[in-house]
Amino acid sequence: MDRERLHQLLDQVAGGEVSTADALEQLAELPYADLGFAKLDLHRELRNGLPEAIYAEGKRTEDLLAIVARMLEAHGRVLVTRVRPEMVAALAAAHPEGAHHERARIWTFGQGAPLPGPPIAVVAAGTSDLPVAEEAAVCLAWFGHTVERGYDVGIAGLHRLLGRLPALRRAGVVIAVAGMDGALPTVVASLVAAPVVAVPTSVGYGASFAGLAPLLTMLNGCAPGIGVVNIDNGYGAAVLASRIARAAPPAA
Amino acid sequence: MDRERLHQLLDQVAGGEVSTADALEQLAELPYADLGFAKLDLHRELRNGLPEAIYAEGKRTEDLLAIVARMLEAHGRVLVTRVRPEMVAALAAAHPEGAHHERARIWTFGQGAPLPGPPIAVVAAGTSDLPVAEEAAVCLAWFGHTVERGYDVGIAGLHRLLGRLPALRRAGVVIAVAGMDGALPTVVASLVAAPVVAVPTSVGYGASFAGLAPLLTMLNGCAPGIGVVNIDNGYGAAVLASRIARAAPPAA
Amino acid sequence: MDRERLHQLLDQVAGGEVSTADALEQLAELPYADLGFAKLDLHRELRNGLPEAIYAEGKRTEDLLAIVARMLEAHGRVLVTRVRPEMVAALAAAHPEGAHHERARIWTFGQGAPLPGPPIAVVAAGTSDLPVAEEAAVCLAWFGHTVERGYDVGIAGLHRLLGRLPALRRAGVVIAVAGMDGALPTVVASLVAAPVVAVPTSVGYGASFAGLAPLLTMLNGCAPGIGVVNIDNGYGAAVLASRIARAAPPAA
Amino acid sequence: MDRERLHQLLDQVAGGEVSTADALEQLAELPYADLGFAKLDLHRELRNGLPEAIYAEGKRTEDLLAIVARMLEAHGRVLVTRVRPEMVAALAAAHPEGAHHERARIWTFGQGAPLPGPPIAVVAAGTSDLPVAEEAAVCLAWFGHTVERGYDVGIAGLHRLLGRLPALRRAGVVIAVAGMDGALPTVVASLVAAPVVAVPTSVGYGASFAGLAPLLTMLNGCAPGIGVVNIDNGYGAAVLASRIARAAPPAA
Amino acid sequence: MDRERLHQLLDQVAGGEVSTADALEQLAELPYADLGFAKLDLHRELRNGLPEAIYAEGKRTEDLLAIVARMLEAHGRVLVTRVRPEMVAALAAAHPEGAHHERARIWTFGQGAPLPGPPIAVVAAGTSDLPVAEEAAVCLAWFGHTVERGYDVGIAGLHRLLGRLPALRRAGVVIAVAGMDGALPTVVASLVAAPVVAVPTSVGYGASFAGLAPLLTMLNGCAPGIGVVNIDNGYGAAVLASRIARAAPPAA
Amino acid sequence: MDRERLHQLLDQVAGGEVSTADALEQLAELPYADLGFAKLDLHRELRNGLPEAIYAEGKRTEDLLAIVARMLEAHGRVLVTRVRPEMVAALAAAHPEGAHHERARIWTFGQGAPLPGPPIAVVAAGTSDLPVAEEAAVCLAWFGHTVERGYDVGIAGLHRLLGRLPALRRAGVVIAVAGMDGALPTVVASLVAAPVVAVPTSVGYGASFAGLAPLLTMLNGCAPGIGVVNIDNGYGAAVLASRIARAAPPAA
Amino acid sequence: MDRERLHQLLDQVAGGEVSTADALEQLAELPYADLGFAKLDLHRELRNGLPEAIYAEGKRTEDLLAIVARMLEAHGRVLVTRVRPEMVAALAAAHPEGAHHERARIWTFGQGAPLPGPPIAVVAAGTSDLPVAEEAAVCLAWFGHTVERGYDVGIAGLHRLLGRLPALRRAGVVIAVAGMDGALPTVVASLVAAPVVAVPTSVGYGASFAGLAPLLTMLNGCAPGIGVVNIDNGYGAAVLASRIARAAPPAA
Amino acid sequence: MDRERLHQLLDQVAGGEVSTADALEQLAELPYADLGFAKLDLHRELRNGLPEAIYAEGKRTEDLLAIVARMLEAHGRVLVTRVRPEMVAALAAAHPEGAHHERARIWTFGQGAPLPGPPIAVVAAGTSDLPVAEEAAVCLAWFGHTVERGYDVGIAGLHRLLGRLPALRRAGVVIAVAGMDGALPTVVASLVAAPVVAVPTSVGYGASFAGLAPLLTMLNGCAPGIGVVNIDNGYGAAVLASRIARAAPPAA
């Protein structure tokens, strides 16, 4: 799967250092740790640039603790999204140095080394969009990015957004979070030159249809330069923004 | 149905001027002209303030001609929406003084008397929204209103909209037409104090889903003061705007 | 953003009364109060004619108290929609003079000055539509309008609606609230000359699909003159109706 | 399948008149005629009270001719819905005594014997709903029912419907056809005591979504007593209405 | 609205027995009782053949008690659907002679006089469809009809349905209730000559989408003669079936 | 219905061993046991190769106990899906030898005899898909199949799936369970020659729309050889896989 | 990707027969032929048991000719689905021995060797479903399977289906094709023990929504043992059925 | 709107170089050229980094020619998407040096200066996705980027994609285009560290629902790092990819 790794392995096989059977074994078994109920992708950081995060939704607390322990052993740091209160208590008992980010529903241990490059801006249209925006912001900070927050800047009061414009223009990427009409990312994309990551939220009256309305708005934004992620998916927005921020060409 | 008319009729029955049987007859039969295949609501102007318009879609040309003739006989003026080219030819032959409004797909004969009050603004986000915007504008003019057009003012270039702001602020009502993200009415509603009539159009890439995307955006607009009409329904927007403009309180 | 304000500011800059840097500062910062987690749009009344209301859904009680306090400081009155019982208790403790409107799920403090013009009618199809209808009615009263209520007048018993016809004909605007088939606004629009604001509700059996059915009915109403707002959005209907009622031309 | 037939067959087997093998043969093979590409259900009239109609959509003209010939041989009469012009020409050439009902897109040969009972009313909201309404009316007449038509009686002009009320009240069943808001069946059901068969049509502006809007309206009608059939399905409405009209209890 | 009533009233006005003003008063006010929060349609039995039922969903217990009391005063009997346990307790306390039908979630007081005509069959595909089927059956019995129940006869075991065939063939109308694939009504309609009332239920795995799947199946049933009502709407099915059963032609 | 059975019965009737009336009786009544509220299809194993399973959702505990008792009497073994904790307690009390499979939400008594043939593989994309995958696996084991589990092998880490490839290639059928993007079955179908049964799950962020997204992905899979079952329907997947595994041609 | 191939390649590398660089080259390049605009998967037969078919929809005729030529060179036989008339002419000119299957919209050259095992049955509900059913049947025959066709056996006339029951019971797999209500696969699955492949078609009146209705019916079928493929996808059904038929356990 | 421009303008006003009235005039009027039917956003390159492209869909040829002429005057280069054949002829006549990109449905004049940085990869799943992929690739080349194409690499033959892996790993951004199951972007995102721009296409069988299926798959991709654009929107993907490629941090 991993061509460089495969290349090296084939070289070792060719050199007689590794037998064919062992090579096959390694190829399929090496890159993850099998806990029985889960297979941890310890290899992901090498392949994709970011370690795997743990999505707590639908997991049992004891399973989560086992996964966290194994990830800490492998990486020395871990990020858990969508933690429930009882999980936080168990995690705090096991790892007192960990940190709980309440609004973001995230628990972290350790932190990525500071990354170079311009800050990443996270703007949200309304106060109800805060949990999703904070999920993105906390993830970005844990990855090592500098984050600029700008909340409650929806287009019902354009001047509030304009007040954030200088900060938005300094950012290398902008994450724009909005429910209801979902128009914020389009307006932002028309005002800045940076790529915009759009996150629809499930906030709103009936015909928002749990986020379908802002999702469609963002996909149909008349100002190009917007990439849309799933409804309420602050974590996904952070990963995409981080990939973008790290996509810089090597300094000549 | 019509209480005043009923009152008068009952008085006449009470006074012996009209028999019971005749009253019943009149109640059910009077207000429309029956062409067999259609019943023309000649009464609508009295009841709702505007004569019935003719929606040409799905009608035969000969039926349309018959309806137009009967309406002209009753009112002296008529407005036909969604006319097809062959209909226009037939109408022009029968009524050379009529006018064809090509972009709006409308044919008119005569015109309403000028109505007092502030102008009604019609703004459209993109050039593809013009047919719908023109349908609204031509109807309004035929009703007797003053119309202010402002086209290609979508939020991908907010300065184009801001250039129209003084005109928008003078308007008693604003009709905002948009496809794609459909965010224009929300931005307009945040900038003016007048009521905004929002018209989604079926223009756009795939996930517009034939106008569903801007429709949902408009219903979920985070700035209140917006009333939404059906997709591509410029005529409906004009009628609503006209009702609003004529809803003024009697000068004390 | 606000052209008049900008005009004045530019004059001051031109006159040397305000420096360029200060002007920029004011342009972006002046019109709202930043509470950190929220930016209050203290300017909205000047711009749109109505002060910003507070939508309590998804807010914390302590945040709501802070916002209410700041709004009262700025305006002397405030309206909060979708209040939960625990919020009402906290608000009552902090502001004993405030009023709780239970059916409408609204808390208010103070009231707008009485506004001139004809009454605004609020009609609802069934008893289950009452919370939404009351949300609209309480908002209108707080804005300063005279309100005429007519409830349980759905088209399953047309005579109940006809009994309200004289009141409907006196109104400058009619708000029609309906779930299930959502046909009430269309019937009302065919009987009166005033603009009709239609509010679908999420009441009904399965295939209402949480309000989608009445929403589509209202958008497709065969009688024109109807502006539709979001499902269950009584507040939005009130703001639109208020804008319409205040859209009167200046008395010559 | 057919219990009475099975009963008789079993009696014959028991009586030695029919062998077991023959019985099986008859059970599976008897009731239809196999044309290779189609199996004609010659048995349906006995089972369901009405002969099978031919739905021409998607059939080849030569196949249709073969089917019609076989049905005429079996029943002496036939009804074909959704005929295309080239089919009509071929049918007319082969069976000059057949009749083409243009608006209804139906071709018939022969006719059912007159059926007793009250007339069946067919009402349609707008002129665009005529093809569907006529499909229902022509089918009913061919079945042998007396039909009362009332077209262009939509709720935008309630008085037009009220003018038809006495005729509606005389009907044993009412078929109500409507596109757009689809409110006509609900209003009819609130005014008469007979069962109402509701047919949504695909006529209308964008948010009708090809008939979805009136379909949902009819399913959610607040006046009970309505049975809904598929969009544009005039034939299905006629069959249901005919079954209802023939569901009379045996005269004591 | 009610033509006969209107006729009589006009006669009285013509005869001087009733003044014009009184007539108007009566016209709009007579047929319902206004409880403030609700308007009871005491007139419905005369107009539609069945008294209005009370839909308890979303009502307060005290309001329900008031409505029930007023209905009993007017009619001497009442039927309440979708009663909650606390309502049942309150109703039992106030009216000990009333009856609670637990599976059907219905409370009744009194009963309609037995109606002539053939029985009405109620069949349900699975045990989970029982609450909806029982809602229909209890309503029918209360109206005065004879009811034949046949439950758990879904098409996964066709022989179970065939075992009910003789009973189905005796029925004047068949109500077929089904969730999941919703195919039961189509199969029934192909086996009997009576009209079939189809009720989709919200029972089933994920892609049933809360009843959408059986609803669409029933609308698309390839055997004609089916009228569909709303999802889970057993009451509506009963009213339609009752109207059908009472639609018999006058005995010659 | 059952041709062989019918054949035999007809022979008995022909031979005079069974009377016509008795035959009819047997035909309709024999194959199921009627508990009043449910009809148990005791015949299903003969007809379809597997005994009927009990779907506990929406059943009362006492009804479930009665059904289980009757099934055990007829078959000596039973499988109940979607059991709730209180049901498990009651079942354990009545049948202590039964087994509860917690993750799978299944209760079983007895077990099918081991079936010949290759193993059936059950793979799941994420840990949240485990309940559905386990429902399938436990059913298969109870039917008598050998099961190979492979969990947490989603395409976000293709190497985890490749590690299971040899096991997948040995399987006669593969059940692939996935939520979110639902791409696992397509990738599996491109790598193995066996048929793939795809099960979408309702796991995921907002725009999964409760399983609609993976359902559509699976239906549109660009690698053919996939049969899709309902969302979260592990039981249905097991039955289909079992039918496939038992569809072997008779050894020559 | 292909483990056996990888195993062999690794052995060759280990044995020095193949260099590391060559191995990599082969791994990525070998299994397909690159025509520039398309990459032909010549390897698929080895991997999945069936050669890749050509889907002509949206291809240019000259591209199709090039692809067919290359496939014939590699395999000596080819199957093209969804051919348009102009393609057929060009294919016939280039390869006169090829065969055109008109109803199925398929062009084939050569044929697979006869495969052992029981026949595969293809049944279709109505005559309009024939093109899809024929697409499946022609593909199966080309793969080498014996096919049993049974058309026009929809559930509106159950006896027509019952007449095919013995043939269905002999089949190793049944493909059931249906539009409209889509109930045929469920009824078939309740009558046979073989796995059923269900194919919804886009045939039907309005609320079929281009095949959505039968698709949902099939996913929700109350008789388990059904695997659903995409709307109108006869080819996909054939591949799945073929995989199932070839999934037989090795004869002991 | 444009803060820098506003800053400069305010300085000029402060310095007396520009009058207040002129400043207002410039603010609203400067940045676009008004052609009456369209307002060209000549300012966009400065604001967003890329000049405005012309979307030809729904425009008249003469309007397009006027817009192109004005854009060439302002920028010296222009890009037109979705050109129809008759437009290409007219453009070629007016501007013989322009270039037509047939598969991409694009017409260009001139070209952007080469941009530094790594190449941008464009991969497509099937040959039917080529028009959309080419739209993206041609736009990128015109912007000045180096483009790496890789077509027909869908996941039905993973080895075809793996053959492109080295090229994908060299890219700074990857645009992945796919219809049907839409799984390609997810697989790509799991194999590379660069951001992935996902474009769903409307290619596929029925249940693709014109691109909805791949759209949902992409939004729900289990590998993070994907930004989704509208269905078939190759141009939007190119703009987003270009923004990302130009978002590099300034070399230290």
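For the reader, a short list of remarks on this structure follows.
Each chain gets a letter, A, B, C, D, E, F, G and H, in the order it is written, and its residues are counted from 1.
We adopt the following convention: contacts are C-beta pairs under 8 Å (C-beta built on N, C-alpha and C of every residue); 3 or more make two chains touch, one makes a residue touch a chain.
In this text the structure is predicted, and so the values were computed from the model without any measurement.
Between subunit A and subunit F, the least number of touch steps comes to 1. Counting steps between touching chains, the shortest path from subunit E to subunit H takes 2. Where the sister copies subunit E and subunit F meet, the same residue numbers recur on both sides for under half of the interface positions. Comparing contact pairs by residue number, the interface of A-F is reproduced by B-D among A-H, B-D or D-E, since over half of the pairs coincide. Annotation: 58 Å between the Cα-based centres of subunit A and subunit D. Subunit D and subunit F have Cα centroids lying 40 Å from one another. The geometric centre of subunit D is 38 Å away from that of subunit G, both derived from CA atoms.
Subunit D has residues 1, 3, 27, 156-158, 162, 165, 190-191, 204-205, 207-208, 212, 215, 219-220, 223, 230-231, 236 in contact with two or more other chains.
By the touch criterion stated above, subunit D contacts subunit E in their complex at residues 1, 3, 47-49, 116-118, 162, 165-166, 169, 172-173, 189-197, 215, 219-220, 223-231, 235-236, 239-240, 243-252. Across the complex, subunit E is touched by residues 127-128, 130, 151-153, 156-160, 162-163, 165, 203-208 of subunit C. Across the interface of their complex, subunit H is touched by residues 125-126, 154-158, 180-183, 186-187, 190-191, 204-205, 207-209, 212-214, 216-223 of subunit F. Across the interface of their complex, subunit G is touched by residues 1-2, 27-29, 31-32, 37-39, 41, 43-44, 57-59, 63, 200, 202, 210-212, 215, 230-233, 236 of subunit D.
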